[in-house]
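For reference, chains read A, B, C and D in written order, and residue numbers begin at 1 within each chain.
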Amino acid sequence: MSLPLAVLALPFVSFVLLAVVPPLRRAGRVAGGVSIAATAVAFVCALATWQGHLEGEQLVPWIPGDAGPMATVGLLVDPITNAMLVLVTLVSLLIQIYSLAYLSDEPSPALGRYYTYQSLFAFSMLGLVLSPTFLQMFIFWELVGLCSYLLIGFWYQRPAAARAAVKAFWITKLGDLGFVTGIVMLWAATGTFEFSTLFRMGAAGQLPAESLGLILFLIYLGAVGKSAQFPLHVWLPDAMEGPTPVSALIHAATMVTAGVFMVTRAQPLFALVPDLVWLIGTVGAFTALLAASMACVEHDIKRVLAYSTVSQLGYMMAAAGAGAADAGFFHLLTHGVFKALLFLAAGSVIHAVGTNDMFRMGRLWHGLPHTGIVFIVGTLALAGVWPLAGFFSKESILAAVWGAGRTGTFAVLALTAFLTAFYMFRAVFLTFFGHAHAGGHPHEAPWPMRGPLWILAILTLVLGLAFLASPPPAVEAHHGPGWLGPFSLGLAAAGLALAWAMYQQRAIAPASFSRVLAPIDFAARRRYGIDALYLGLYKGLILGFSKLIGLIDRYLVDGLVNVFSALSLRSGDRLRRIQSGQVHDYVYGVAFGVLLVVVFAHWWAR
Amino acid sequence: MSLHGYLTLGALVFAIGLFGVVTRRNAVGMLLGIELMLNAVNINLVAFSRFHADLGGIVFSLFTIAITVAEVALGLAIVIVIFRVRKTIEADRLDLLRG
Amino acid sequence: MNFPVLSVITWSPFVGALLVMFTARRSPLAVRLISAVTTGISAVLSIVVYVTYDRQAAATDDAARFQFYEKVPLVPPLGISYEVGADGISLLLVLLTAVIIFTGVFASWTVKVRSQEFYALLLTLVTGVFGVFVSLDLFVFFLFYELAVLPMYLLIGIWGSSGEVRPRGIFAWAYRETGVGTKEYAAMKLTLYLLFGSAFILVGIYALYVSAGAGSFSILELEAVPFDPVLQRWVFLAFYVGFGVLAGIWPLHTWSPDGHASAPTAVSMLHAGVLMKLGAYGIVRVGMGLVPEGAVEFAWLVGGIACINIVYGALSAMAQTDLKYVIAYSSVSHMGLVLLGAATLTEAGLNGSVFQMFAHGVMTGLFFALVGLVYEKAHSRDIPTMGGFGRSMPGVAAAFTVGGLSSLGLPATAGFVAELLTFMGAWRSEHPWWLFPAVLGTFLTAIYVLRVVRAIFWGPPSPHFHDLPDAQGPEWVALVLLVGVIVVFGMAPALALGLVDSATVPLLARLPLP
Amino acid sequence: MTVETVGFWLVAAVLLASSLAVVLTKNLFHAVLYLAVALVATGVVFLLLESPFLFGVQLLLYAGGVVTIVVFAIMLTERLVGERITQTSRHVVNGAIVSAAVFVAVVGFLLQAGAPAPVTERPDQLAGLGRALVGPYAVTLELLGVLLVAALLGAIYFARADD
């Protein structure tokens, strides 16, 4: 297990170095070098682990208890983990290299800080995928959330970034409440957090049947938050306030897929509660459609990609809901590659033109041919065009859903596939073709940025060809009917055609189109009011209630205390008048006291 | 003569002393009243000692006398100081300690 | 007779106080050095005892539970003796105290007015705190307890800072008469509250002493006495109210925000960090230890009020605009978690409770140290006027963030382990629903902590403040030490929990659980 | 009528008369003189109670010492004020009522209690007194000495000349 441990330890060492050695961190590019080197070696180790099929589990006690440890931590390496290790280290590596150029204008300390966070993120994400227990998964789950918070808020002086960071943290935390409650309940029922033990108990029917549904639902809530499922998806589009490489890494390729990963990991448990699986699938499909519809009206290129990420995560969850977590996980992997590609390409565009608004771009093809090509490769993959990697994974999801007999879900996913092609080509036409808007001459980014783009683009293509040559198990397992392939290609083509007609040829005015779909258009542009609802709940319910409690505490609870205090002061003020300062009065007092004592002795003491 | 006789005498002297303390305006006059009261106590102590055949009473009256001397000395010193500062020893004009 | 290590830990600060008073006149540096050295001695020795405590012996032999034992009879006819000893719970809290006071000395390096008296009082107070944690004789325990409480009056009354509270509402007349908001008010309120609690404690102690035959105040001997169940109930209530005042139970908590807000930095650190733990410790050690039936009987009350504390404290913290009040109310909320853990009467919960005492102590110490730094540099505690401090004081911002994350229970900080164990205990207790307020509390904590971080350190730089320096010199010692403790204990909780477990298991074994 | 009884009534009459004079007379100086008479009469009461030693102490310390100090004090204050000190009384009726009430209460209490059995054997008073003062009451005696010194110092401190 030393190789997987090295994969985990290298980013950690890099993080600790950067965190506790300020001169190193403040050196900026040097810090970047440290982080990149660590990630590169980790990547090599991950490849070796993958190729060597090093699989196994190792546990050490973490929280001691009287009767054996209450909680353990360790490493669990299996095929899922191996695939994730390679994906995470690869994308991390590419993105860290890319960032070196992308953030070259940042002051050195800020750059060092960035790489510190990046190392921490790589460590946390790797720890998450290597988790052999729910608890460890939760620990790293929260840590990646922290990294997400810190990196979204990287430009912390921008109010929008600051807001987005806390929003992301709060919304995902809301889901995590469910997660932690769920695993605590599971622990109370079983006395363990370990996957292997839980699976064994599940197979033997030793899990409490009546509460398992609730427990797993709560755990699933964690995935809802992290993987931006409806209704907790609102944070992901806002998270685009972070630097673009961060969006590519955390909010597209790796962290947000943690929910899908967890559902895949705990598949044997979820399979015990069919109703919950149904719910996961339905919510997933609904999220996919909802996000796709919002992507169609978005102006900001990164937000389009963000909604597309939400939509694709919905896809993966829908697969899990059809009992085909493997198909979902397969899509997770391919999506990780081409979505990172798309984000980085978008970053390259933004780098060149200095705006996120697609309607202020156009005709960038001439200035940015490299970026244009890779962006189109990514778009085709996302739209599910043969023979790119995305085609196979999407296909296997559709096949699995059809195979599970969930026609409704299938229809929603098919519609989503059409919308996906539409909004992605909308972005392509608006950005790279059409009319030029931006002043100046946008030029291609330097090679540290272009290199990762090409690597990812080639990977997208090569993976597809490799799948063509030897279909992976997930594709093998889910064979759809023969018409499925042409059908989904047709959907993609239809989406492309509509986008071409609307945004390239201007044959159909978008305005007239939105008039036809007025209510949906109206709602989608306002994000279906979900953000407003959260804002209202936050401001009205939580802040309002806290104001009320604050006032009650200050002026009622403490007020009563002060009333007591004031009354004592007043009565003290009255009583002190007795103290006349006249010696004679005191002597009278003593005399009366004596009389009292004597009378008492006379009458009562007998 | 019985114990009661002595005790009654003591009580009378005590009452007279008390009367002096509460009626005198002059601080020295009050002090004199206090002396009378202490004397009354001594009578009681010695009477008890005599009728119980216990020396404790006499010992205590000795102590009382000694303490009284100290008290008188201090009391008068205070009176003199007050006199210097306030130019009066009329007790009812001395109410600095009024609450 | 072995080296009386616990006594040295306890009295070393007191000797420091005497030295400061008698030798270091007119030499501020000497005052600080003497304080640092004497508290340093305590800190080093407390680490030593922490490491050398024989856990194996404690687990197997009930008599070896309290180690480093010393006993000197003081008043033999009444059964009063100076009796000290430490088990896992005491040791962790002694360590906490040592860490906090050691860093507190550095954090208040810049106190200028009457620094000699300030340090002397501070050190005296610490002796009281150490004494409470190690004494095994109720009489001496109570003496130390009072010693820990009373210097607070002077420390707040003289070196504190006043705020402003507007009289409003139906009781406005009362506010006008009490001088609310001033440091004198805060000091008086705190002292009166705590003495109010002390009265209950004293009654409880005497009730046990008398009904056990008035022969001994020794906790070890009283533990063996099977008290009458009815008596146990009443005495437990007395202890709960008495210690609970110090632990900040609702609705007797209002001294804490005012007191903490008015107190100078090191005093707030010590008070929120350690003194409030004294209350919780008392409930666990004296309440659960001596009157177990009462503890079981009233677990519902302790836990229920703890739940109120958690949610109410968090909401109140959210409503504050004064930085110190935010932290003070967060302490109220976290003390709820501490008591909730104890009230679960489960191994996980009680371990969580003790660990929370430690985690919250360090964390809140860090918070108050940072707030002190910010206040000293910005001369303001008003959150709405602040903003963008992250640029000028990145070190303070980073440390504050770590503290905040620990507060909201982020993994890899000590706060997480404590909260997790409390949750685990809650769901396994007699009242599983306690889990939900506790979890809700962590969410609310996340809201107010991150709001504060955002409002102070993030966003565009505030126009009200210019050229704020970062922490410097001795202040770094405090920050680095506290942050390090939070993270190290968060990643390796076994460092503390092994020891704590060896103490809580025998304690729980004595409870007559249904 | 034994000698003791006759003596008692006589002394009692003198004691009461002089006491009344102390509290009623206008002239402060006269009051002090009457106090001296009362103190001597008290001494005689001690004699009647078979405590000759105490009689001596009373005469020397009390009647001699205290009266002298008071006289000094009066003369000092007179010199300071520069006029004769006469004294007036106030609330005479109130005072009389309170004193009478106290007297009645005490006597009422006395009447309830039965008389103790007379004691026949008389221990050697003087020797016993000496042993008691250096035996069980030794510490008290020492403390008394400290008190006297403290009082002396205090009196000197208070009465020192302003400078």
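One rule holds in what follows: contacts are C-beta pairs under 8 Å (C-beta built on N, C-alpha and C of every residue); 3 or more make two chains touch, one makes a residue touch a chain.
All values reported here derive from a predicted model rather than from experimental measurement.
Looking at A-C and B-D side by side, the one with more C-beta contacts is B-D.
Of all the chains shown, the one with its CA centroid nearest the global CA centroid is C.
Centroid analysis (C-alpha atoms only) places A farthest from chain D. For this pair, chain B with chain C, the centres built from the Cα atoms lie 56 Å apart.
Mean C-alpha positions place chain A and chain C at a centre distance of 36 Å.
Centre-to-centre spacing of chain B and chain D amounts to 7 Å, using the average Cα coordinate of each chain. Between chain A and chain D the centroid-to-centroid distance comes to 96 Å (mean Cα coordinates, whole Å).
Contacts with at least two other chains are made by residues 584, 588, 591 of chain A.
Along chain B, residues 18, 22, 92 each make contact with two or more other chains. Under the contact definition stated at the top, the residues of chain D that touch 2 or more other chains are 90-91, 94, 98-99, 102, 106. The set of touching chain pairs reads A-B, A-C, A-D, B-D, using the touch definition from the header. Chain contact summary for the complex, chain A toward chain C: residues 61-66, 70, 109, 135, 138-140, 142-143, 146, 149, 153, 156-159, 162-163, 165-166, 169-170, 173-174, 177, 180-181, 184-185, 187-188, 542-543, 545-547, 549-551, 553-563, 565-567, 569-570. Looking at the complex, you find that chain A touches chain D at residues 584, 588, 591-592, 594-595, 598-599, 601-602. Listed in rising order, the residues of chain A touching chain B in the complex are 575-584, 587-588, 591. Within the complex formed with chain A, the residues of chain B that make contact are 18, 21-22, 30, 91-92, 94-99. Looking at the complex, you find that chain C touches chain A at residues 165, 168-171, 173-175, 177-178, 180, 189, 250-251, 254, 258, 312, 315-316, 318-320, 347-348, 351, 388, 390-391, 394, 405, 408, 410-412, 416-417, 420-421, 423-424, 427-428, 432, 435-436, 439-440, 442-444, 446-448, 450-451, 454, 457-461, 493-494, 497-498, 501, 505.
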